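Chains here go by letter, A, B and C, matching the order in which they are written, and residues are numbered from 1 within each.
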Amino acid sequence: MFEFLGIPPQALFGQVLLGLINGSFYAILSLGLAVIFGLLNIINFSHGAQYMMGAFVAWMCLNYLGINYWAALLIAPLIVGFTGVAIERLLLKRIAHVDHLYGLLLTFGLALIIQGLFRNSYGSSGLPYQIPDELRGGQNLGFMFLPYYRGWVVVASLVVCLSTWFLIEKTKLGAYLRAATENPTLTQAFGINVPLMVTLTYGFGVALAGFAGVLAAPIYSVNPNMGADLIIVVFAVVVIGGMGSILGAIVTGFSLGLIEGLTKVFYPEASATVIFIIMVLVLLVRPAGLFGRAA
Amino acid sequence: MADIAATDVPTAALLPGETDKATLRLHRAIMIGIAIALVIAPFVAYPVFVMKVLCFALFALAFNLLLGYGGLLSFGHAAYFGMASYVCAFTAKNWGLTPELAILLGTSVAAALGALIGALAIRRQGIYFTMITLALAQMAFFFSLQTPRFTGGEDGIQAVPRGRLFGLIDLSDDRTLYWLVAAIFMAGLLAMYRIIHSPFGQVCKAIRDNEPRAISLGYRANQYKLAVFVLSASLAGLAGSTKAIVFQLASLTDVHWSMSGEVVLMTLVGGLGTVFGPIAGALVIVSMQNYLASLGAWVTVVQGVIFVICVMTFREGIVGVIANRIKRPL
Amino acid sequence: MATEAVLERPGGAATKSLLQVRELEAWYGESHVLHGIDLEVGEGEVVTLLGRNGAGKTTTLKSMMGVIGKRKGSVSFAGEETIQLPSRAIARLGIGYVPEERGIFSSLSVEENLMLPPQVKPGGLSVQQIFELFPNIKERLSSQGTKLSGGEQQMLAIGRILRTGANLLLLDEPTEGLAPVIIDQIGATIRMLKSRGFTIVLVEQNFRFAQTVADRHYVVEQGRVIDMIANAELDANIDKLHRYLGV
């Protein structure tokens, strides 16, 4: 087999795959942040905590109720989304009229609460979650070994991201959403229930985070802190891509994951910070972000 | 971004131009009150506790300077606090610098870091600004994590010598050190008050309230924003350096994002954009942490709950409420 | 009963009143903009609000639609009091709104803009009928909404509320910034809509245009209705109107 710059292909493609997996999570999470930001004008600081909740709900489903991975993939986002609906109705709605930075402070507080509660109940060491039987093992592709579950994560994320894109850009409901994002007052004056859409949008955005959490559970262990550092990277992804474009968020998420993976191969010391460094470069060259309109 | 500080307190009440003579007299009286309290405090409270409050109060004042007068919500102030703390601890321990030099060096590094991060962050506004400061501060955290030769990694820099002030006065006694910390705090507070009420502070306010108009009047808004940013970072660095000397420790906690969150919380509790609010907020939160230390991880939950309660029902903060009650900016 | 309220029109037969506005006041934040608007519109009537810039015409329309911060007084439509209702409920009663500057969504295609407002009542125009009315729209369905010319955007803004079955149309300066030949087309459209039984309230700066479409004119000044002139008497009152409008 060939080697590339002294790196054996197994290692190279293995990291590429890991990068794509991270990119999947960046894409789903930044997509949710962008959708929420569009309509609510707030940055959902608890997004990482809600991602972690998704993983925990899947774990609880399995260990307390015997509900398997596939069902959890549906149930966990629903539960996380439902808590999001409650958060919007009980809290966010009441501060919609004040400076939107208060929304950031509020969701930061919620993140502390959610993370703290799970840490108190389950500790910080992480709980194992088995890969579902159907996706155990893998396939040797010659140039690399492809574990089925990792391939599944990338495919499932792509499907969810593209479905979300389709829903927002190509359906009637999506047209309502885009209209309400652009001009909520006029949209409401056409008889469309914008407050309900705001609630459902927040619920949908955090349900996406919950879905990503379930996907992540068998890869990383289920850990109360799993979302805290991730969300900061996702913020950088959002700054790089800008929140104006749905496809932009997806493309940026996957590419940055890929770049991060490659950095792990060629210059591991920088792998934790490469996304931040790219953010700095983007700020210098194109402050509005790659897909952003001038804010 | 509409100014967060003025959301509840009428903007006019906060404008330095509007501060009338009576208000200035009131502020002077409060300053004297604080000075007197500083003199009495070590005799009625545990000095290390008071020093901790003062360090965090200075940190919160620094953060609030940027938010209240620059209109910029930073979520990365731990970077300046923590890096200054490391530099101060490292130079005091390994280079044998006297405490005042170590603190000065820590503060300068925080200023330089502030200039660097500030120049990048002010290229975006509002929510993006906040995310950028957070992300760049996370870089500082990773840097600290990955350079254990400098930071001591997970252990931090321990047993930092308090040393002798100017090479003369031994600071190992808490009471002696206390007077230095009190002096630093008071100097920081007075400096900040001067800045707010200077022509420079007025321009910053004008930019905060209406950036396009200030620009059309010929002010270079970005230079002013950067200047406030650097000032704020320096003061945060001063607080962090002082903290390193007091606790003889610099650790990853100081650069972690949760520290950035804590300073936001202190300011929120005390009153965003008020002059004296951060001091009250720091007192409340540090006391709370002391009382709740035994609760372990519950402290995070309690802090989260306080965040939620403050945002939902108490956006003016302690000092903001008092200011509204007596109809004077505080 | 409100539905039996009968409106006496000068020089015309009495018609059933569809919209009654009484002592309507409105605020933008702290500033008090409307100080008591009183007007009444009969079913099938075309009525304009004339007045200088800043007199409160647009605000009156917005207050009827419920898209303003704070309002007080009474706006009753088809016998139903709407002052407490959110704008989405007001729209559902059968009121269609064309805001100033047309309100075409740039993130929606022309077709999505057209299909956006939900049906609120039966009896709206079919898409086919709207295309017959505004053939230009049909040819540009997949364009971005704001890529249309000003006149086409105006037609789209009117077209999309004709679909919904609304029987009262509130049009805010539909001729603003448009070329004369387009204005003629809009005028013809309004007369056609009237002939189909739509009731229309029109905010206009241009009273020459208003004269070609309206039955009556309300003159608004400083947040109050200060006069009402029947279209037939407009020429006789032209000096007075000039004085009101400061032209």
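Methods note: a residue touches a chain if its C-beta (ideal position, glycine included) is under 8 Å from a C-beta of that chain, and two chains touch if they have at least 3 such contacts.
Since the structure is predicted, the reported quantities are computational estimates derived from the model, not experimental observations.
Trainee: Determine the set of chains touching chain A that also touch chain B.
Mentor: none
Trainee: Which chain wins if you rank chains by how close their C-alpha centre is to the centre of all protein C-alpha atoms?
Mentor: Taking the mean of all protein C-alpha atoms as reference, the closest chain is A.
Trainee: Which whole number of Å gives the spacing of the CA centres of chain A and chain B?
Mentor: 32
Trainee: How big is the gap, in whole Å, between where the Cα atoms of chain B centre and where those of chain C centre?
Mentor: Spacing between the chain centres: roughly 55 Å.
Trainee: Mind checking the centre-to-centre distance between chain A and chain C? Centres are C-alpha means, answer in whole Å.
Mentor: 45
Trainee: Identify all positions of chain B at which a residue touches two or more other chains, and write them in rising order.
Mentor: none
Trainee: So in the complex, the part of chain A that touches chain B is made up of which residues?
Mentor: Residues in contact with chain B: 37, 42-43, 91, 94-95, 98-102, 104-106, 108-117, 119-120, 228-229, 232-233, 235-236, 238-239, 269, 272-273, 276-277, 279-280, 283-284, 287-288, 295.
Trainee: Quick check: in the complex, which residue numbers of chain A touch chain C?
Mentor: Within the complex, chain A contacts chain C at residues 172, 175-176, 178-179, 181-183, 185-194.
Trainee: For the complex, give me every residue of chain C touching chain A.
Mentor: Residues in contact with chain A: 65-67, 86-92, 97, 99, 103, 105-108, 112, 115-118, 120, 161, 164.
Trainee: Can you name the residues of chain B that touch chain A in the complex?
Mentor: Against chain A, the touching part of chain B is residues 1-4, 7-8, 73, 120, 123-128, 130-132, 134-136, 138-139, 142-143, 145-146, 257, 261, 264, 268, 296-301, 303-308, 310-312, 315.
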